[in-house]
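Can you keep this structure in mind? I'll have questions shortly.
Should a chain be cited, it is by its letter among A, B, C and D, assigned in written order, with residues numbered from 1 in that chain.
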Amino acid sequence: MTISFFIIAAITIVGTAAAMSLKNLVHCVLSLTLGLVGLALLFLLLGAQFVGFTQILVYVGAVAILAVFAIMMTRSAEPMTNLPPASFRLSGVLIAATVFAVLAWAISSATRSLPSQSSQPEVSVNQIGVALMHQFVLPLEVIGVLLTAALVGAAILAMDETGASR
Amino acid sequence: MNWIVRNLWLVPVLPVLAAGISALAKRKSRVLAASLAIGSMSLSFLLSVWAFAHVLALRNSGQPSLQVFNFRWFQFGNEWLSLGWMLDPLTAVMLVMVTFVGLLIFIYSVGYMEHDDNFMRFFCFLALFAGAMLGVIISNNLLLLFMCWEIVGLTSYLLIGFWFSNPKAAAAGKKAFIVTRIGDVLFFLGIVWLYAQSGTLLFYDNGAGFLEHSAISHLLTQTTTTGICVATGIALLIFCGAVGKSGQFPLHVWLPDAMEGPTPVSALIHAATMVAAGVFLVARVYPLMSAHTGLADVITTSTALQAVTWVGSFTALFGAVIAVAQYDIKRILAYSTVSQLGYMMMGLGVGGVSVGMFHLITHAFFKSLLFLGAGSVIHGCSGEQDIRKMGGLGKLMPVTFVTYAIGMLALCGFPLFFSGFWSKDEILHAAHTWNISQAPFYMGAFAALLTAFYMSRQVFYVFAGTSRLAEEHHDHAHAADTSSHHGSGSPHESPAVMTVPLMILSAFALLLGFLGTPAWPWFQSFLEDAPVSVNFGAFLTGGMLPVMLSSSVIVLLGLTLGWWFFGRKPIESADAPDNFGKLSPSIFTALGNALYFDAIYGATFVKLTTLLSRISDWLDRWVWNGAVQTVTYTVLGFAHLDNFLDTNVVNSGFDEGCDTVSRSGKLLSMLQAGRIQGYLKIVAGALVVFTIFLLWKAKI
Amino acid sequence: MPEIIDQIFVLLKHWLMGYVPSLLKPVVSAILSVVPVLLAFPLLFAITTVLERKGLGRMQNRYGPNRVGPFGFLQPMADGIKSLTKEDIIPRTADHLVHLLAPVVIVIASFLVYAVLPIGRNMVIANLNAGVLFFFAVGSMVELSVFMAGWSSRSKYSLLGAMRAIAQMISYEIPLVLASIVVIMAAGSLSTVTIVNLQATYTGIFPHWYVFTPWGLTGFIIFMIAATAESNRCPFDLPEGESEIIAGYYIEYSGFKFALFFLGEYLGMFATSAMAITLFLGGWAAPFSFLTWIPSYVWFFAKLLALICAFIWIRGTLPRLRMDQLMNFAWKFMLPLSLINIFAAGVWHYMPAGASRWLVVTLVIAVACVLLSRGLRRNQWFHVRTYRFAS
Amino acid sequence: MSPLSGYLLLSALLFSIGLAGALTRRNAILVLIGIELMLNAANLNFIAFWRYGPNPAALTGVMFTIFSISVAAAEAAVGLSIILAVYRHSKSINLDAMNSMKG
């Protein structure tokens, strides 16, 4: 529970909350990026360097850009005028709040059984690579297949139908 | 470890690499494709010869000639899967045979496929096939073998259907693929079972492989619920794969149809190498096949090997009988191949690895010779394949004729000077001394008689008499095996690039037999790691001489019969009925249609599958749909009732009730509003409920 | 003595740290590491602008800047003062906050990248375990700032330029990363310091730079081409093509914000060049063992200047590509070639040392190169231009 | 409060924020982003448990997160292309407009 944790947590929460509540979609994506960078910093704080940088690379470098492209191509960059009714929004927020309350209750009631603080585990990229190539090689292959299928599927889905029939 | 053992993987990888490069390269460069394929094959051949020499050197210095190279390939959680390759006499012999025959056929194909538009694709597939086949040979792991085995099956499909614009060829390719798949599924089941039982798929691994003593004795102690020994069960499943790939009865139906492919493909894949893969597989897992629990002096042959013998001997006879009544030059050879493969299986069953493998090697040479000769004939006759329409080619195509005759005599097993004689004789001798039954011997002997008969029939049809080609030539301008632009001139001798491989192969067909005569059984001892010496006395022991004499008599009888029916007076016209068929036309027609096996399969298995799908369709249409409909109509009925009550009985009094119903219906329909977020809300609610439930449970 | 000169900055920092109270030590240490970098690279930027303008001038047969200061070398000062005093114009419809943040983000991202670049022996701000990954991760933030700039200006030209730039950067980021994977494979580490240390050893007088292997050379060339595209420089400068979309995504920027963009772009170029040096050209290592007496940071900056000159040279020589050519080149040539290069590097590691692996690996790469370029040519990548209406 | 529960609370909060976004917004892209956020909250949980768990040397949490990030990337790509396809079809990505499957 250091000061840096609270600062980064605040950045993350502000970023994600803004991403979910702003009116302009581009602003949403930009603040989402801020929130995800905060999340990556949390990963760094927890000692998972590789995961943190991967998070930045994938989310900031790829997913955010992809979302921005999608926004541009669906012409939804302008703020939306027809907002859903207030009751709809209120019910959603209420449900989310309930979920948070229940989860927080669960966490706080489980605090006693949680493991206490241990020393920072030393994990090098080398170890991760070795584990990926040996112990987790089958999931790795499956992920490879999944990514290939997703790539092909996304390309086919996004392909212009008139262009595809050429 | 020796360099060649460490780098044996190069042998299959080189052709695969050539295939990959020619697949990537531009379409039109024929020279590149051919030189890549032939170059890589020559390199593989040189490496194989090196490996062979290495095995020989090891043997001469008295060291064990089995060398393996294993490595870890893949980890599942904490389990490792090892792959590897091996070099032993069996591998070495097969390597040299496949690369050598393959090389000759590659060279021949340059001439044969010269005018084909898809020259590059052809060589790409051929090289891929060669690589996969060599992979089957060197692999030291049943899984690796299975992978290469499947690539072999794939290339076979691709090459049979090479002229896929011809619907017959496309259908034949599909048939080959599906029929062999039946065997392969069982084979794969065997692999899975084996891995479950022994925990390894390596053949040899310094005592830990499943073909080595400890694993086999472990497998022998297990029995299944039906009482069969596990080792036998696995062996039989693996044999099913061999049955499919080697065209054994009852999965032989694809092999004759496979002749729709280009002739070099028939020679390489469906005569010399791929179909031999099944035989090779049985030879490779022979320790597993021959494992048995009984005391050595009571039962000397395992159940699995008995099955191999019976299937093999029946196939040998069966193929030979059908071959008698065929008219297509390649189909005769195809059924002959079925028959000879049966011979090999029988040899493995009754006599062991060396006996079956010797026939495999000699057969590879003379059968590829025969196929290439047939290809040369077809090439010369502008794509004609019906032997009734040939004739008189002996004078027009002398080189082809002489080499073809050598191949034919080798196949028949003409005494003393032809390789087929020695290898076939060995099988017959082993069958004669088999202690279970004498039936395989008689079946084999009768098959030998028929072989001599149908081969002489074919040769007399094709090469003797006068040419009958001209009469109907124009009607057959588009026969299957044509590439349509040889011009329509008279039959002509093929170019040197095709005849030279023929000559080389015929030299081997002549000479190869002398490596394995009973007097100097070098080949057998090479495979079995035993010393060898020249011993003419071997002819006299163990009933060898009577068997040899009787088989010679049988062959001569067959040839004489052939001459009697077909050579005595030349066949006059293409439409004349078959001289032999005149004896009993109905049986002959049945034989000509391969005993209606395709029809039987069509009427039984295919029908059954169709029926099953019909039943499922019916179930879907009537039972499930009916249930849904019933519910619907019930609901509708209630609705009608409600309607009736509402309108006719108490129209106004129920308005309030109706409103309630419609409001509740709206409420319900909100659940199915088609809005994802609504569903998501329910999911979130469920999450809350479940978390509370879990916490509550944990508290208690 | 050479050692002391080599390590003089490190020693200086240690000496200064001795006077700092222990409570402030982490902060001061960070400041002492970061500030020199923050000073050195903008200075290099200033020098480069002059160099570029003068170099291009020579190539185009004219004088470059030659009025301000000796030989025009004070030109960047004048430029800086000018851009600081210019009016900062913001379009009325622009999204003010994003418009303001875009140049800030690009400069921050460009500076962050320098944290993992070893400038000299023991001279690196942060020796991260996943340094190379950090470089690419932070580098990818530049794309976001480009989008911010292009979108927030509310101008068609800037939006088009930004979209072009992002498409190009994403396309070329893949070969960039794949080209550096071969080095990571060889070094077995993602740490830039380890990678350089491995290259700073010598056989005889020759160093073990990765560029002196077939796969390393291929990787270096791919990396440099991709780096050119990443930094939007000629011949890949079509996102800001002056003749087509009048400077692309920063068309609406003026004054100091424009200067920041300019700075960010150049810093990005320096950073990718420095990464290329670190990965392939031995970082701060001397090219021959008898030259190790020259301080390591001198070597680093010498190599960096050489690469910058190469960039300027390329800019003065090559014409701009068309968009489809650009994409074809990235996806149909660079991507497969870098994948094959990874394969070749794998073959290299598994083969025994000797001439045979040189032969095999070179052959693999050469065959791939030839086949891929033939594939490109089949698609009429370069062809004689025809004019539909004129002829 | 132990550090682990702090991370868990933060992750629960992120999850709820993502959920709230996914429940209240009408734009399909934003809903997708909300789902991504929930996924990331789970990732934070994995990493926190790995860090404070009894056996960090096993790397299970890190591995899980790496795979989860790749799956999320694939999901984002496919999801956004589906949104593009839907937009081409109905000229809108408002979730209310996508009700042609409504019974």
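Going forward, contacts are C-beta pairs under 8 Å (C-beta built on N, C-alpha and C of every residue); 3 or more make two chains touch, one makes a residue touch a chain.
Worth saying up front: this structure is predicted, and the values here are computed from it rather than measured.
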| item | value |
| --- | --- |
| Result of counting contacting C-beta pairs for B-C and A-C, higher pair | A-C |
| Centre-most chain [mean C-alpha coordinates] | B |
| Interchain centroid distance [CA atoms averaged], chain A/chain C, Å | 29 |
| Centre-of-Cα separation between chain D and chain C, whole angstrom | 34 |
| Rounded Å distance, chain B centre to chain C centre (Cα mean) | 57 |
| Computed distance of Cα centres, chain D from chain A, in Å | 6 |
| Sites on chain B at which at least two other chains make contact | 677, 681, 684 |
| Residues of chain C whose C-beta touches two or more other chains | none |
| Shared-contact residues (touching 2 or more other chains) in chain A | 50, 54, 62, 69, 91-92, 95-96, 99, 103 |
| Chain-level touch network, classified as line, ring, star, complete or other | other |
| Chain D contact footprint on chain B (complex, rising order) | 669, 672-677, 680-681, 684 |
| Chain B - residues contacting chain C, complex | 21, 24-26 |
| Contact set on chain A toward chain B in their complex | 91-92, 95-96, 98-99, 102-103, 105-106, 109, 134-135, 137-138 |
| Contacting residues of chain C [partner chain A, same complex] | 95, 98, 128-130, 133-134, 136-138, 140-141, 143-144, 147-148, 151, 159, 163, 166, 170, 173, 188-191 |
| Chain B contact footprint on chain C (complex, rising order) | 367, 371, 374, 378 |
